[in-house]
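Each in structure tokens, the structures are laid out below.
You will see two complexes here that share subunit A, one where it goes with subunit B and one where it goes with subunit C.
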Partner chain A sequence: MSYKAQITRLNPTCILFILDQSGSMGEPFGGQTGIQGSKAQQLATAINGLLYDLVLECVKRPEEGPRNYCQVGLIGYGSRSVNVGSAFVGSLAGQYLVWVRDLANNPARIEDRFQKVDDGAGGLVDFSIKFPIWVDPVAENGTPMEEALHKAYTILEPWVRSHPHSYPPLVIHITDGEPNPNTDPSKPAGDLRKLATDDGNVLVFNLHLSSQSSSPILYPESDTGLPDQYAKQLFQMSSVLPTTMQLFQMAGGNTMKQLAGKFGCRIGSQSRGFVFNANSDSMFKSLSLFLMYLFYST
Partner chain B sequence: MTWPNSADYNQSLQHPHLCFQDPDLKQGKVLSVDQWGIPRGSAGSYARVYEFQNSKLQKIIAVRCFTIEVTDQQQRYYLLKQYLGQTNISSLVEFDYRLQGISIKGQIYPILCMEYVKGKSLDSYIEENLRNPKLLEDLAEHWYNVIIDLRRARIAHGDLQHGNILIDRNGRIRLVDYDGMFTPNLQNQKPNEFGHLNYQHPKRASIKYYSEDMDNFSALVIYLSILALSSDSNLWKEFKDDENLLFKDQDFNKIGQTNIWYRLKQNSNPKVVFLTSMLEKFCGLSIDTIPSLSEINYTSNSGTQWYNPPKLDPSRSTTNRNPVSDWYKQAPQIRQSSQPVPDNTSWLERVNNPDSSVANLSRLNSLSRLRTKQLSWWERVNNPWLVGFIFLILIILFGFVMANSSNPNKNSFINDINYSTITPTIITPIPTVTTALKPTAATTLVTITICNEISTEIGTTKEYSDIYIDNNYRIVFDLNLQNTIGDRHILYLTPGEHNYRIILNAINGKNNYNKEAYGTFLARENQILMPYWEFSLAPELREFSSCN
Partner chain C sequence: MYMLKRIANTRQFKNPISRQIKNMENNLFESNSHEESNNLANVLETSDVLPDITSGNTSDPHLSAYIFTVPKSGNKPEENEDAAGVHNNYIALSDGASNASFESKLWADILVETFVHLPPRDMSTLLEQWLVAPIKQWKEKVTGASLPWYVQGKALCGAYATLLGLFFEWKQEANKSESDISIGKWYAVALGDSCLFYIHKDSLVLSYPIEKSADFGNTPPLISTFATDNQFVLNKLEKACYLGDFFLLVTDALAEWLLKEIENNQDSWQDLTKLTKETDFIYLVENLRKKNLIKNDDTTLIIIQV
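The block that comes next holds the complex of A and B.
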């Protein structure tokens, strides 16, 4: 189990996001006022940005567009209309896995967003940038986490069978809370982690978003210090970060481990792909950190 | 600080007049855009490159925006430009490094403006011309000449691969991406990239090889691939994966065993067969002994002139093994004194006449060392007991000096050995380990594991042949680093002192011996963990070491 397969068009990988879209996601992040928007809004911005990063990283020659180095999936759970289903909006709505090329060609819309930029003369100017949208913020209903993870299993089980030599799929689950009562998400999470290609098992990373202002716990090595059973459960559901991932030397000489250090956290040999109590800043950083490894290995 | 990523550049480049610092560029526009007009650069591991219309100069240029901080980048490009300015290599493009290049979120980052090459990448070009064997043959010869020009000018590209080799509209080969380039005035500026795995010698990245002959392997891979395709275009369908031509990194690791080797040896062109056998040999040779294309002589009518590589005995007996302390001689630092390869002597001649006054001393040294095995001082001494004793004294002395030396570079003795040797401190006798080191019926398993301070296993021996005892009662073993990407050893050390724990584990029959030792060694800049380690046996163990 090595996690060192080269990611190519003939040997692509898969990244599957599972997004909590339950009612509590409508609250703001811990310690922040409502100005920056709800957790659901910031999550949507992070995911849209990340999907766009992914598209751009797959472009080798601009004239040919992005290359199909991976398939991308979005599962949302909690939303009133679908309960558990595809989180894509627009023309990709209803699809679970799409190729990067299709992703690039089918955003739901392109929004103009405003950014403050240095005008070069000591001032700041607002300028608009085009920002593609694939997922909208949703915050409705309960938290059918178990069902969502089971859905992921049914998607990835055939995937690993048809891609036996690929870099194993990466599942990134982002939630802010407790699963519905009398459900056990650790069972399908365990099933997911058991799926494997000959390059390694499916990696399950969990990112917990917080409404409290306590500081985040990043990539812990054990569940001691985690406040409650839900946190411990999420920890147990997360894969240990593969050593190749931790020590993979990215261009520029930094390993992911060192890079994580620059983001202010320590990665140890038993560190799991788990972040607890993430605020919006650590959400953005850890999401991009997870994907950075894949980007650089393509 | 992390550097801007693709999305940051793409957002800023939507407004060139705000992000660029240079007035020329402020007026231009990005030509590489998607269907919504959003900039879309090509992604490499170090940079994004955008096609850009400089409206003032009415010229299209390529703007390279960096996503990773490259050490000494400004100085590198300055020195590179200075050197290339004195040469006239038609395959290279013009460039201009601008430190105050682009503003991203209030920070200024450098950019590299380059001559824009309208053309196809090598693999697309080959694919389009698979049915034109003559054109491919010409392309191979063109490639040969490009390489000769570079070698003559003492320039090495460092990352020769399909994406960095463009064929322009006039059919000329142009090379791009000079982040890892070698020129003589850059020999002390080792970059942090070592080329595409599917093109490089299997040891290139692990020893961070950077030298003017570093392209020799990849140049041959490309030359051989094009030539083979000119006589057998079916190879393309069979072996072209995504990021390669015909070979992939696993072919260089499983020398001669994968399908491509077999297929190329069936090629109708005898030159392809010959070059395949050459490449096969080079995979197993030390990287600094690989000859350049012009040095591999092949004459079809007067019979094949075979290249005879130095013999490396796979049984790894001591007499054929380079002692660890010789390893440093292969380190690039030593090669700084190397002179340009003279064109009047063929590489073959130089190999056969190691005493001839050829300037490339370091290569000759390494070759003759491999070939004739110059005996080290301790090997000339016949009394192993004496040698063992002296060795131990040296070890103690060495440890003492290490512990007391704040600047090890001052001491030439330290310089010679400490970076490649882990100081031996086997704490307690482990007699059966020594007998178990060689495979015997009673032995079921021997492993040696190296862990770092936080007990993360960073490497372990895998087979008996990885471990042996030499004449000097040292256990010598090759460490198979586990954390590898392909064959790229990825444990690179930061300069300074490192503490390492060695675990010896032997299962001999029912007995399980598990001993630990602690060692300290120093790493200096650009020096990596050697995949080759040694430590000595405690004196009490010696009588056991030869008992089988």
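The block that comes next holds the complex of A and C.
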């Protein structure tokens, strides 16, 4: 149980996002002003941005295209059309796990976005960035969280069997609300965390987006201080951040622990991959932190 | 990753997307969303990629040179991002940074080629002016509108590499049989963690620019394809040169091991000076990897004997 396996094309890993697409995601982040768009819009941008980063990280030599270091899955729940299903749009719609190379070659569309970049000679130029889109903002219906986590289990159960030596899959669940009444997401979350390769158990991280203005609780070590039963449940559903992940030194010389310290929060040995009441900024930063090990170790 | 690099806030990383996202957060961004033809089938053609330099010959009669290199275990030889070159009295070694870097092998090749064939006239102003031509060369090879989005995106991240350069100036009338009298001078410049080991009269005199094994692991300064990132002042090392002197130029994995050995009073560097066959070098490196004594990385050794 080491979380030390090298991520290679022969020993790829898997990242599975579970996205809350229920109605309340159409609202802005709680208590924040000056943020453009709803939680759903911000989340879609974050996921598209992360996938952009992931593809680029897997490109080592341009002529060979991205290397298949991992498979990526997007499960959405709440949306009227699918209830629980693939959140990919465009030609990948309906697929659960997609290789990085297929991801790179099949965005739903590519948007042009403009920004100022270094021109290499001391100035700034307006540069058009190709920004591929794989997921669109959705905010509809209820919150079938238990079903979504169970869906993740059915996807990853065969995956770990067919990749016994791989770095274990990472599940990142992003939600802003409470599960549907009379459902219990902690059961399938527990099942997920029991799945394992010989390098460790499947990791389940939960990122709760704020509807109120209270400040985020980042990577807690215990559930004392969490405001309600629901927060405690999400805490219990979350894996401890593996030591190797906490202490992995990435290019730039920083570890996850140090980086978290830089934005003002402490990661301890029992810290869980869990954020409660994340605002937009802590959502972006936490998603990055959770994925840094995977991206830097290829 | 690029979003993370924004947090890390290191000069090292150019991250279009994270800036993009940052801009979004600040409501400053313009979006021109439109559907675009999804033709991403065009793949960059490898045009005029510089030849790999793996065997070095010097036409300088004062010097003999060997260059050995072995890729990271699991990688193919063409994936080796180290570059090494020897031309007359100029020697260069460069280690392309693979993380957050694009076509760094190409960048390392260009830096080495430029150093040995068009060396900077004044080492103290090495970077700014001297890098104009190699940066242009790199850019011409990696940019093009017909390339897939991820190649265009990657090119925006730039390439990074170390550079270790060594060169000699000979005295006009040196006594070539007397080992106690200097026959000229040697100079070294270095940026990054590729290291030079200088051996005089069978003893190791210095390592440059890194002197302690503990100094590895920190992010070394690197030469970038972004001109603005290259605001370094280089210290040029200048020493007298004697007949029989040895120079070992090595990339970081081997350098770190060598320094650890030296700190433990082991003279393993002597084994390296005796290598003459690439197969022996590969055997040595693989053996060290098996024993977990060096990290699994592209590993290169240049041996220069005066």
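The criterion applied here is as follows: the second predicted complex is superposed on the first by the 279 of 298 C-alpha atoms of A that agree within 3 Å, B and C clash if a C-alpha of one lies under 4 Å from a C-alpha of the other, contacts with A are read in each partner's own complex, and residues count from 1 in each chain.
Everything that follows uses one rule, which is that a residue touches a chain if its C-beta (ideal position, glycine included) is under 8 Å from a C-beta of that chain, and two chains touch if they have at least 3 such contacts.
This structure is a prediction, so every number in the text was calculated from the model and none was measured.
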Subunit B and subunit C placed together on subunit A: clash or fit? clash
Message = I'd like to know which partner A:Pro181 touches here: subunit B for first, subunit C for second, both or neither.
response = neither
Notebook entry, point to check: In the superposed arrangement, which partner chain does A:Ile129 touch: subunit B (first), subunit C (second), both, or neither?
Noted result: both
Problem set entry | Touching partner for A:Gly268 - first (subunit B), second (subunit C), both, neither | first
Winner on subunit A touched-residue count between subunit B and subunit C: chain C
Can A:Thr244 be said to touch subunit B (first), subunit C (second), both, or neither? first
(Q) For A:Val59, using the defined touch cut-off, is the partner it touches subunit B, subunit C, both, or neither? Pick first, second, both or neither. (A) both
Message = Between subunit B and subunit C, whom does A:Ala104 touch in the aligned arrangement: first, second, both, or neither?
response = both
Who does A:Pro158 touch here: subunit B (first), subunit C (second), both, or neither?
neither
The intersection of the subunit A residues contacting subunit B with those contacting subunit C is 8, 10, 49, 52-53, 56-57, 59-63, 65, 104-105, 110, 115, 117-118, 120, 127, 129-130, 132, 249-253, 259, 262, 288, 295-296
Given the complex, residues on subunit A that touch subunit C span 8, 10, 34-36, 45-46, 49-50, 52-57, 59-63, 65-66, 91, 104-107, 109-118, 120-122, 127, 129-132, 249-254, 259, 262-263, 280-281, 284-285, 287-289, 291-292, 295-296
Residue set of subunit A touching subunit B in the complex reads 4, 6, 8-11, 49, 52-53, 56-63, 65, 67, 104-105, 110, 115, 117-120, 125, 127, 129-130, 132, 243-244, 247-253, 255, 259, 262, 268-269, 288, 295-297
Counting only contacts in the complex, subunit C reaches subunit A at residues 1-10, 12-21, 23-27, 29-36, 38, 40, 43-46, 74, 79, 97-100, 102-103, 105, 135, 139, 142, 147-154, 156-157, 217-219, 225-228
As the complex stands, subunit B meets subunit A at residues 1-2, 5-7, 10-12, 14-15, 18-19, 21, 32-38, 40-43, 45-46, 48, 50-51, 68-71, 103, 105-106, 121, 163, 192-193, 197, 241-243, 248-249, 454-456, 482-486, 490-492
